[in-house]
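Following this line, the structures themselves.
First chain A sits with chain B, and in the next complex the same chain sits with chain C.
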Partner chain A sequence: MLTLDLFVNAIVAGILLGGFLAAVSLGISIVFGYLDIVNIAHPAFVVLGSYAVYILNSTFGIDPLLAGIAMAAPFYLLGILIYRFYYAFFERHGAESLRGLVFFFGILFLVEVGLNITYGVDYRMVNAFYLGKSIEIGLVGIPYRLLIPFVAGVAMIFIVYLYLSKTFYGMAIQGVAQDSLAARLMGADPIKIKSVAFGMGMATASVAGALLIMISPIEPSMGREYIGRVFAIAVLGGMGSVVGTLVAAVLLGIAESLTSTFYSPSMAPAVSFGILLLVLAIRPSGIFGR
Partner chain B sequence: MNGLRVRAVRLGKYFLCAIAIVAFTVPAVHAQKPLKIGFSMALTGPLAQAGKGALLAMQIWAKDVNDGGGLLGRPVELVYYDDQTKGANVPLIYAKLLDIDKVDFIVSGYGTNITAPAMPLVIDREMVFISLFATAVNQHFNYPYYFQIMPAGPNPVVDWSAGFFEVAARQNPKPKTVALLAADAEFAQNAVDGARENALKHGFEIVYDQSYQMGIPDFTPIVRAIKARKPDIVYVMSYPPGSVGFVRAAKEVRLEPKIIGGSMVGLQYTSIQMNLGPTLNGIFNYWFWAPEPTLNFPGIEAFLKKYQAEAPKQNLDPLGYYLPPFAYAYLQVLQQAIEATKSTDQKTVGEYIRQAEFETVVGKVKFGPNGEWARSRMLFVQLQGIESHEMVEFTKPGKMRVIYPEKFRSGELIYPFPGWQ
Partner chain C sequence: MASLLEVHDLTKSFGGFSALNHIDLVVHRGERLGLIGPNGSGKTTLINCITGVLRPDRGRIYFDGEEITSLASFRIARAGIARSFQIPRPFRSMTVLENLCIPLRFAAAVKMRSTELEAAAREILELIGLGDKATASPLDLTQIEMRKMELSRALASRPRLLILDEVMAGLASSELDEMLAIFHILSGQGITIIMIEHILRAVMNFSQRLVVLDAGRKIADGSPGDVIKNPQVEKAYLGE
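What follows is the complex of A and B.
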């Protein structure tokens, strides 16, 4: 049943979903792409961000998005701590990133169990005056529940892109990613720079957590459902490409939305991963990979 | 020195007296070897929310029994392990319970996916096995001592949704078309098979019949696809995040058929009810228990009072209407069978459960030949008159009107669906 109305709405829904998925994947893209750290715990950190937002929203009535932004600073510091620990026990000894995977698996379980013990396993949601409302523009209906995560996700990606390409520290992160030894010979401190990059990845998890809890109820183990999707987006976009992350997320969002609307919702993830395989066959380094 | 010795002797006497007093005043029940009941439970993982609530209910039951003198004069002890909501962990847990912990009885954890993997071991050891909300697990085994507490009826796949479509078929003007949407998981797929059969039985035309993968963040494209088919009835089989996602998307897209609801798990949870509030009005969905006068079974109020006093401390569903009463009830069944037979012999107890009727906090329970309830008692309620997001809203009668079955009916279906609020 192909109608213009359905088609346009499916495309718009896909784009909105893509903005949200890009926000969730951005931390992976930075940490995996620039630091070669397989931070499989990132989706768990996103859920941790959701809980932080939930507490601020339910206790103080703070808007979820503002709460997510406010929590970005503590998350940044937490990220620096985690990286320092990872560096001291893995990276410094020349351990391969695959061994670091075990470390982050452990962190993932710690975060889940910690949330489980502290807040229980009940589903948590937030309240905001705009959730549940939508705007109509011609044929298209846009729920604020998706529009705000999209706008916030794209804005966050834009800010991170500007930071990485225009600031000294941003360019230093790229320099360390390309050749850590050369950066050290230039007088840079790769560990400090990597700490900043990891902290930045964690800070994005806080904002992404706010977007997640606006879209869906959360519970401690929910991050697992996003592990495959976020890594697929990071790889599809091209390792370390922030713009690529957004493009890949929107591409997969549109593919999933069109499949759900016109074919079968159960096939949507298969179509997404099919696209991933196809793109990697043609461009092994991803859409924007170098 | 002498004074010290006198004081020591006096203290010794007091100590002996204290031991004697304790020995005479503590009920004899604690001197007996405990009667152990073993099970796995989802204490982590996707079903942990329900699993922990069930565990609390079971602990309340154990305390109630022990306060009343135990079972056959023996204190009851629950032995349990976290199955992490993973079926793969279940066979090992039950092997440990039987071979190492030497439990006297076993019961199931929560849900179909957790119950089914225990069945080969249960059958091999010829144990009585009462399960908690498993759908049609025994249909291939036909094991005589398997029993299931969820009131889905002798043919759970079909009986699950029978009431929904029966009510739909009675409406005037009669709806004609149905859209079916189910999560890609065993329970939902079983339920959709039955829903399909019931829809066709009542002469409805199925205009949309799809599944979705669990964990999708947005239902808007699916809801739009359903809306484009203009169905009169939308029947959804989903798990909590999916149920919330679907309801929100349906409201945003203004999907407003004549009847909407079905088998959405999660709408019975207090946290979700409080968040959705008046949005829930008009949804016609399966339910297991609600504070309606027609469902005031003996013992339910006392049980809920104990549960609700403890649940907030453990961050559990504060009202506990969904699963906890049934978790209490399936142990009541075992308790009553052990008491009636005065035996812990599996065959004796199993044969008794097959033929007896049990008085529980969820009403009278009688099992059919396949271990399911002899007659379905699936409730279908319509949420009505919800005005706020406050928890107290959901503790009052009249908010979850029982429409089906007739015996427990407490209100009339508002038809057609009044639209999203």
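What follows is the complex of A and C.
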């Protein structure tokens, strides 16, 4: 029964990993999927969120998840500032594609270098009473440091899904994404609406940062490992589909977990991108793409 | 009659192509104005300049006494100018009703709770005869229903000036009459209307005054009966 045991554990670990990956990718889904902004710096912002959580946890002893949620508000404001800057210097001149990408690449390095100078390259971690514990269900042992990020990640996806599809402002974001000109001619200010959406994407980075540092210790350049995966998940799920992001993230999580368990961890990214290429060949708009 | 919209010396070129050439135009409050001209004569460019989609090279535009020449398009919409598109552009992910809520909230700046917003949207749909399609997806609408949705959405901005850009293209004759009846009701409510149309029967029936553009110039402006007999207009439409 050893293989069954391994198999079930790998599947469960994959699902848990998927919930966390969805949280990290959510900001890309919103900003890339709705605003067409290639925010390649998003994983760096997630790491920035981790450091904010680390400081609140190590200095004041605040619970890491609560710290991540509390930091969502300043991250939201930071997102609005960054979008306004990006709009004024790039988007307004129609220079969004390549120069915009360079802009976010630059921000990625600024964040990394800033964290390096301030905190050094040492690994940092958080403390909470539950992080070392786990629960046993039959064959499977579920550590809380994976379970909580999974639950929090799925909850965050659900809240953003409700906001985008049920509230008026969420619909307005969709409207601007689908037809910016028509929305403008109906009196909607696209810059204001896009600012809100970008701010929301940034706010999710703070929560995702809390989940990241719960799962493993962090160092400043860790975001790089996620750049490929988060874009793969956003595209695989279908541009602008929040539910698709969750499904794609769980799919990738399971695939990576199975590959790591039965083959080799170093092959895991190759399997992820193999799935992406396969899905795009069959369904170019992604699993839930319109 | 006092003027609602005044366009002075409006000029716009794209590269070497001069799309609008020193256009002057006055639209009076409550008027029904027909705007005709051959394809490429500048009608849609003129509308794009008025609604802030394009910035004119020179000239000024006044709406209700205020200059709107270089205002952002969403501010012009909020000031009270609404338009429909030649090709309907619904928000695909929303229902018909939700499509109306966007202009109601933003352009008409109606601060309401969502139930009141829905009621206001429903009222417009009933008026246009689309009440039973409120919860449908725009993708399931027929051609005329789609046109009606575009019109409803323009009305949801609570405009004082409504610009109809070829809203009747491709409709059957009976549908044409149905749409014209709706436009007369709207006009009766005091909305000023500019109708761009190729279907001469519709535009002659509807307009109190007719303006003709040809190659970016205004070549006629007067009562429909006089304008249609104008030899320059005949030449523009039928050639030499």
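We adopt the following convention: the second predicted complex is superposed on the first by the 287 of 290 C-alpha atoms of A that agree within 3 Å, B and C clash if a C-alpha of one lies under 4 Å from a C-alpha of the other, contacts with A are read in each partner's own complex, and residues count from 1 in each chain.
Just so we're on the same page, contacts are C-beta pairs under 8 Å (C-beta built on N, C-alpha and C of every residue); 3 or more make two chains touch, one makes a residue touch a chain.
None of these values were measured; they are calculated from a predicted model.
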* Asked: Which chain makes contact with more of the residues of chain A, chain B or else chain C?
  -> B
* Using the touch definition from the top, say if A:20 reaches chain B (first), chain C (second), both or neither. => first
* A:273 contacts which: chain B (first), chain C (second), both, neither? -> neither
* To do: Could you say whether A:186 touches chain B, chain C, both of them, or neither, answering first, second, both or neither?
  => second
* Touch check for A:10: first (chain B), second (chain C), both, or neither? -> first
* To do: Based on the superposed arrangement, let me know which partner A:163 touches: chain B (first), chain C (second), both, or neither?
  => neither
* After lining up the shared chain so the two structures overlap, which partner does A:141 touch, if you call chain B first and chain C second: first, second, both or neither? -> first
* Of the partners chain B and chain C, which touch A:172 in the superposed model: first, second, both, neither? -> second
* Asked: Shared contact residues on chain A for chain B and chain C?
  -> none
* **Residue ranges of chain A in contact with chain C within the complex** => 168, 171-172, 174-175, 178-179, 181-190, 290
* Name, in rising order, each residue of chain B that touches chain A in their complex. => 44-46, 48-49, 51-52, 181, 184, 210-218, 220-222, 224-225, 228-229, 240-241, 244-245, 248-249, 251-253, 266, 269, 271-272, 275, 279, 314-317, 389
* Structure fact -> Contacts from chain C onto chain A in the complex sit at residues 51, 53, 72-74, 77-78, 82-83, 85, 89, 91-94, 98, 101-103, 105-109, 114, 117, 153, 156-157
* Asked: Quick one: in the complex, what on chain A touches chain B?
  -> 1, 3, 5-6, 9-10, 13-14, 16-17, 20-21, 112-113, 116, 119-125, 127, 132-134, 141, 143, 145-146, 212, 215-217, 219-222, 225-226, 256-258, 260-262, 264-266, 268-269
